[in-house]
Amino acid sequence: MIALYATLLIPFGAMLVFAVIGHWKHAGTLNLLVCFATFLTSLQLAIDVFTNGFMITPGQLFYIDAFNVYLILVNALVGLTTSIFSRPYMAYELKIGRVDGGRMRLYHSMFQGFLLTMLVALSTNNLGILWVAVEGATLATVLLVSLYRTPESIEAGWKYFILCGVGIAQALFGTVLVYFAAEKISPGEESTLLWSVLKDHSDQLEPTVLMLAFVFLLVGYGTKIGLVPLHNWLPDAHSEGPTPMSAILSGLLLNVALYAVVRYKMLIEPALNNHLPSYMMMGFGMLSFSVAGILLHHQRDIKRMFSYSSIEHMGLMTFAFGIGGPLATFGALLHMIVHSLTKSAIFITVGHAAHIAGTQKISEIRGLIRTQPAVGWTFLLGTVAIAGFPPFGVFTSEFLLFTATIESMPWLVMPLLIGLAVAFAGLFRHVQPMVFGEPPEGQLPVKANMLPIIFHLFLVLWLGISIPDILANWLDQATIMVVGKGLL
Amino acid sequence: MSYAQLSLMEQLILTLSAMILLTSFLLLAQSRIISLINTFASQGFLLFLGTCLIAQSSGRYHLYISAGMTLALKVFFVPWLLRRLVRRLDIRRDVENVGGPSMIMIAGGALVLFSYYVALPIRELSDLATRNTIAISLAVILLGMLMMITRRKAVAQVVGFMSMENGLFFAAVVSTYGMPMVVELGIAFDVLVAAVLFGIFFFQIRAGIGSLDVDHLNRLHEVDR
Amino acid sequence: MALNLVYLTIVAAFGSAVLPILFCRSTVASKLVAFILLGISGLSGILGGGMALLGKVDISAELPIGLPWLHCHLHLDPLSGFFLFLVSLISLMAAIYGSAYVREYQQGSQPLLPLTLFTGLFVVGMDLVMLADDAFSFMIAWELMSVSSYFLVAYQHQNETNRRAAFIYLLMAQIGGLFILLGYGVLASFSGAFDFSSMQAVELSPAWSSLAFVLALIGFGMKAGIVPLHVWLPQAHPVAPSHISALMSGVMLKVAIYGFIRFVYDLLGNIYWQWGVMVLSIGCISAILGVLYALMQHDLKRLLAYHSVENIGIIYMGLGLSMIFAGTNHLELATLGLIAALYHCLNHALFKSLLFLGAGAILQQSREHNLEKMGGLIKRMPVTAFCFLIGCISISALPPFNGFVSEWLTFQTALQGTILTNHILTALIPISAAVLALTGALAAACFVKVYGVCFLGLPRSQNCAEATETAYGPQLSQILLAALCLFFGVFPTWTVSQIENIAQILLPTGIPMATSHGWLWLTPVSSDVASYGAPMVFLGIGSAWLIVWLWLHPRRKKMEIRIAPAWDCGFGSLNARMQYTATSFTMPIRRIFRPVWFISENYQQPGENAPGGRYELKVGDWAWLKIYQLIGRLLLATAKRAAFIQGGNIRIYLVYSFFTLLFLLWVVSL
Amino acid sequence: MNGWILAIVQTSLLLLCAPLLTGWVKWIKCKLQSRQGAPPWQPYRDLFKLFKKEVVLAESASPIFRVAPYIVFGVTVLAGSVVPMFAIGLPTAAIADVIVLVGFFALGRFFLALAGMDVGTAFGGMGSSREMTISSLAEPAMLMAVFTLAMTVHSTNLASMTRYLLEQPLQLYPSFVFSAMGLLLVAVAETGRIPIDNPATHLELTMVHEAMILEYTGRHLALMEWGAMLKLMIYGMLLGDIFFPWGIADSFAPLPLLIGFLSLFLKLFLLGLSLAIMETGLAKMRFFRVPQYLGLAFILCLLGMLSHVILEIN
């Protein structure tokens, strides 16, 4: 209980504090410490949940179960490692004058604000609060996207703001409809928007309304997930914001949006007599997966490229959740972890690479391994991991997804396979020349802290070789919650 | 039951909702910035009235609070902010000639029809008098989106966005007699922040691109030009 | 015992991968650690695999890793033992060879660490593939093998060619891996579990098992390099360091064969003869095209890589015959075919690694990889030359060396096609045998060219004129391999009787006749059908030679040999430009089989820019030009078109979102 | 035991008789071309002379060059020792079947070609290139013929083939006719006779075999030449064994052996005669016509095989 509140309050406080002293020269370190504290408390929270099942706060405002506890943990972890990375990174940006004190204040404050909204979104029990938190995440990050005040970054920020705003508005309408559908349970009660309550009375919900609601929710939160054709904000926002931003956007925000959709699916699908939600998710997933995979071939900007890879993977997960069935769901839940770990690690290395080459243009980043072996190798390994090669964890989840697909609908396997191959080719055709070959003249190594990356990759490797029992149990419970039966 | 059997109050609510729809159409057609903002404010005011009436008729008094927030935000704060920005950015005289207004009107009409068709199954099951208004609010939302699509000026897009918010709020109020308080507050807060951020963005865009025409925001793309 | 040895193999290989990182301060120390451990792994693997094969062991084990509900199953039986033996043997040779060979990288800017690291992981991956007893760990091991070998191919990444080759290789490896995964998925979806034992248990309908078979054929074929899935092979093998090329070409392809055999014979179980026809025809095509393309290559290692395609084709022919017979319930003949294929795996592993090591030695000593620049090396590097000669003889399938035995067995299997009741097959199989004969003859021609141009005659470049013999390590490994080539050529009966253990597990029958006449005679079907006394042949050639020598000996005392310049027909003395080049050597064959290659010739009349005229010949690979590049272009075009989605105008984006919403609403309100 | 003795006897007889066959063919040719001609035993003199002469090696020659003659000769002798000459059932016959026999020739050819390339003259390379090209086309055809026979007699062992044919009453297999013709063409190509190669000339554009051994002298040359003669003889015996097995001894009793010996002589006499007539009648063909020639051979063998499958299997 305390752990939970602490987990939420620490970033909240930090947000306010940084709004004042964010430009202080040790703010980065402080940021790191705060994130570390958050991580510790979330760890404590995880232990609590592990020892005595799920947890619901008095007033039922917060509700922690196996599904969100591990995501909270991953959030805190990625936040921590990203803050480790962001300290030297932002210092460098300050040094070369891309940002000034005020923006540093904004940056640090909003960094914490973003983490806060993410944690709230994950831990809340109230679907309305969930919406508020996700919208809050948009508001928190929109100014970070345009932090550099370049025309491109402003454009990216505007697109991000408008598209996500519209999407989120639709999500709100969906939420309203859910509330409306729940009026049978206890009309107008405060409690009717509580996930736990709704879950218990899901049989009394109005199917027709729920169906409409799901459409709005899917389109709304789907915009945040970055499902094609709602994804257009994503590459811009990722490529123009500061790299730590991209790391947490890709690593956390997308996950949380997907989390929201899956929560609603858990709620809505049992109440319906058809599987339309699943089919919609499969459709969206397959579309995003294949389109992003193809577009990977046509990239010039390194961060844009990896944001497309994020789209691809989110599509894969959405597809997996759509397929349903314990195997696919387990795989998707696992994929949420490994993807956010790997992708954030990659974005961190990308940040270093961009500093080394002094540009984000793929065509001008060359010979990283020669210039700075650590960066080059981790970049390459990260790409190998995200491309789904064993023994990294991404392979495990994709393996599960594959086999699940073969079992439930074999004819979908071929496009999946082709898509994976195409995406892989698209990724590697660009990455290989960047890491290999002779570096251009006068390309110098930068001060890089490899710890977070190595830690992430190590975790992913571990998950690939063997999944620890605690996690396996949580994933399995979550699977049971989503599809009603588990694997273990 | 037929319309005649409804109480006067309810009839009034329904009339208001019709007027709200009308305002969205006006927004769609309105080409002068200032009057656009005014129309938006009036829509907010109608929303405020509707909320009060529902609060009155249904006896849910916490709705008055949300009505108050509506008044504060949608009628006073946001329009004021927009007007001020327009003055600061000195685009009061801007006239955005909407491309093919008749077509857009027809499209709007089609959208209303569509949203009615979509909401049809819902009105079967609700026993609230105001159930039909779901279709209206949906229409308002869609019209807001349509407006965002058809307008090139950033300000107009913002207005469209805000009118979408209006539609949402209206839906929340009329269909379910408002959301839980905490959610209402959250939403209001979000709207507030959003409005402020929009303001900041106007200046950034103006500074960065030199105009508020969103069609000039086209640096980031994949197509080889 | 055997299993422990195998564990030691893997652990040692893993150690050779990671331990050098600790010693990275001094290259010498790390190098020593890496290669010694690799050698240990090789030795223990030879022992363990050998035990598993000879002792017909059948051990299972389970490690507490992998998926929570599917722990990593391991299994060791003669089949895996046999291939484990191959892998370890060649990795031992690579270890002996490499320690001296990588010296050139020590001076260069190239850090040694990645090489040793990924070499170790590569070997670990191959060993684990042999042991894996469930689809998940199999795939992990398989992809570990692919990825680490990718890094090895990309090791000298400053060259554009290496990068391209590595990319193509990894891409195709990935696709192949996905196909294999699908194959397993089909089995798993019926058996409901991923461990092989439960996969063996299920009975699939013909359609499904054929689907699984095709998936496996493509997946494993992608790695084995059957035509037209071979294009990565001639690109990747030449650019890797030579001992790695030896490992890749020598054993990695065999790992693919192992996977195929495991999948088809062990997991799928009942085999249909139509599969056999498929495999046989693929084998024929690969064999003949492989050797024809090899003939036209002038890059030594590239040529050898194409020969790998050829030999894989021969192996597939053996497998195909075996499957045909298995599908028609002639189990003894099926066994014979399988044994022929396995035997050829062994042989190809030996002589192809030998040749690659030799090529590496030449490359290192003469800095030339183009045949047209070599010549006369036999005088400068006699040991290498001698071993390379043996390699050439073996790969050209000439008695009494090992390559001949396996091809002979394949022939014998093919000749039994008469007992089939399906007379179309009866007619087709001898033709395939004729293709095999053509392949062998062309291979001989090709290696006459290689040896003649590279080792004999006069040096065609300064580098070759100044080349010197390699270090002792490389020499030793080559000599060992050459000796093994001879051994397995001269004692086929024993070898066959050992390989029989595998067949007895896969198709539960042996070929008692083959070895019934003692170690001297190999009589695959029966003594009056066909017999081959390899030791006698060896003895015979030896004795004939000895007699002649003894007979001429006294005369040699009297007059010693006079050395004189070669007769020059009265034009100035002999020089290197007079000799036949590799191109001219193969010109007749090029003329005969012209349509096989994509040939672009241009001849320039003598002129100011080209005194004496110049002749340019480009030989391209149809599959590469017409299939793969086409796909690549298509993909890029699609990507270009798809890019319109990200057009840059926010209002368009809003339109997308708007219509998505409308569409979905319409869908649900239907 | 006496089987082994007999085998040795046969091999040495083979060695002795080979030059005679060549000489005989040459002599007949001379007579047919109304030339004076050397006596049939002239080859013996040549060999004797060559063995006496000193060996001159080119400076650029490598050990391969000196080893090759011995290997070529040794392999050919070994090949000869496994082909039934005048008796079947010799223990040596089990050493190798026809496929191995082809392998032997291939091995010999391999070293011959290497030796050709060794010195580094243009001719040597040319000869090797042509030789390998021809052989790579001839081998499949030959094996095709062998397979066709093997399909009938269910064996690739020469001895058991011959025995099978002997034990049967006289029969006419269409497949045999075809493969006999095919094998004849192949034999002509393999032994380097007209129209493929002309052993009598050193005209640079036409020679194949001679081009390879151009640099050889003394005993090396002698061994090479002798090997070539042996090869001709062996092919002769091969054709005889397979297509005209009659008379060959199937037991080691003196009388059958004598008959076998005489019948062999008769066969070779006729073979030499026909060969000489053919060589006189035909002209040497252009090198790039050879593929068509061997293609014809292959087609014949293929037809043989097909006719076996279609007509003879019931």
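Read from first to last, the chains carry the letters A, B, C and D; within each, the first residue is number 1.
Everything that follows uses one rule, which is that a contact is a pair of C-beta atoms (placed from the backbone, for glycine too) under 8 Å apart; a residue touches a chain by one contact, two chains touch by 3 or more.
Since this is a predicted model, take the numbers as computed values, not measurements.
Chemist: From chain A, which chain is the farthest off, judged by mean CA positions?
Modeler: Greatest centre separation from chain A goes to chain D.
Chemist: Tell me which has more C-beta contacts between its two chains, A-B or B-C.
Modeler: A-B
Chemist: How many angstrom between the C-alpha centroids of chain D and chain B?
Modeler: Going by mean C-alpha positions, chain B sits 101 Å from chain D.
Chemist: Per the centroid of Cα atoms for each chain, what is the distance between chain A and chain B, given in Å?
Modeler: Result: the chain centres lie 31 Å from each other.
Chemist: Between chain B and chain C, what's the gap in Å when you average each chain's C-alpha atoms?
Modeler: That pair's centroid distance is 70 Å.
Chemist: List the centre-to-centre spacing of chain A and chain D in whole Å, with centres computed as mean CA coordinates.
Modeler: The answer is 78 Å.
Chemist: Which chain B residues reach two or more other chains?
Modeler: Each of 118, 121, 145, 148, 214, 217-220, 222 in chain B touches at least two other chains.
Chemist: Specify, in ascending order, the residues of chain A that touch 2 or more different other chains.
Modeler: 158-159, 162, 166, 170, 212, 235, 295, 298
Chemist: Among the residues of chain C, which ones contact at least 2 other chains?
Modeler: 640, 643, 645-646, 650, 654, 657, 661, 665, 669
Chemist: Determine which chains touch and list them pairwise.
Modeler: Once each pair is checked, the touching ones are A-B, A-C, B-C, C-D.
Chemist: Please output the residues of chain A touching chain B within their complex, sorted ascending.
Modeler: 126, 128-129, 131-132, 135-136, 139, 142-143, 146, 149-152, 154-159, 161-162, 165-166, 169-170, 172-173, 175-177, 179-180, 183, 187-188, 190, 192-193, 206, 208-209, 212, 235-236, 239-240, 295, 298-299
Chemist: Flag every residue of chain B that touches chain A in the complex, lowest number first.
Modeler: 60, 118-119, 121-122, 124-126, 134, 138, 141, 145, 148, 154, 157, 161, 164-165, 167-168, 171-172, 175-183, 186-187, 189-190, 193-194, 197-198, 200-201, 204-205, 207-209, 214, 217-220, 222
Chemist: Residues of chain D touching chain C in their complex?
Modeler: Residue positions touching the partner: 51-52, 54-64, 70-71, 73-75, 77-78, 81, 92, 94-97, 99-100, 102-104, 106-107, 109-110, 113-114, 116-122, 124-126, 128-130, 132-133, 135-140, 142-144, 147-148, 150-151, 154-157, 160, 214-215, 219, 223, 287-288, 291, 298, 302, 305-306, 309-310, 313.
Chemist: For a test of understanding, state which residues of chain C touch chain B in their complex under the given definition.
Modeler: Residue positions touching the partner: 640, 643-651, 654-655, 657-658, 661-662, 665-666, 669.
Chemist: Going by the contact rule set out above, which residues of chain A touch chain C in the complex?
Modeler: 158-159, 162-163, 166-167, 170, 211-212, 214-216, 218-219, 223, 228-230, 232-233, 235, 276, 280, 291, 294-298, 369-370, 373, 384, 387, 389-391, 395-396, 399-400, 402-403, 406-407, 410, 413, 417, 420-422, 424-426, 428-429, 432-433, 436-438, 464-467, 469, 472, 476, 487-488
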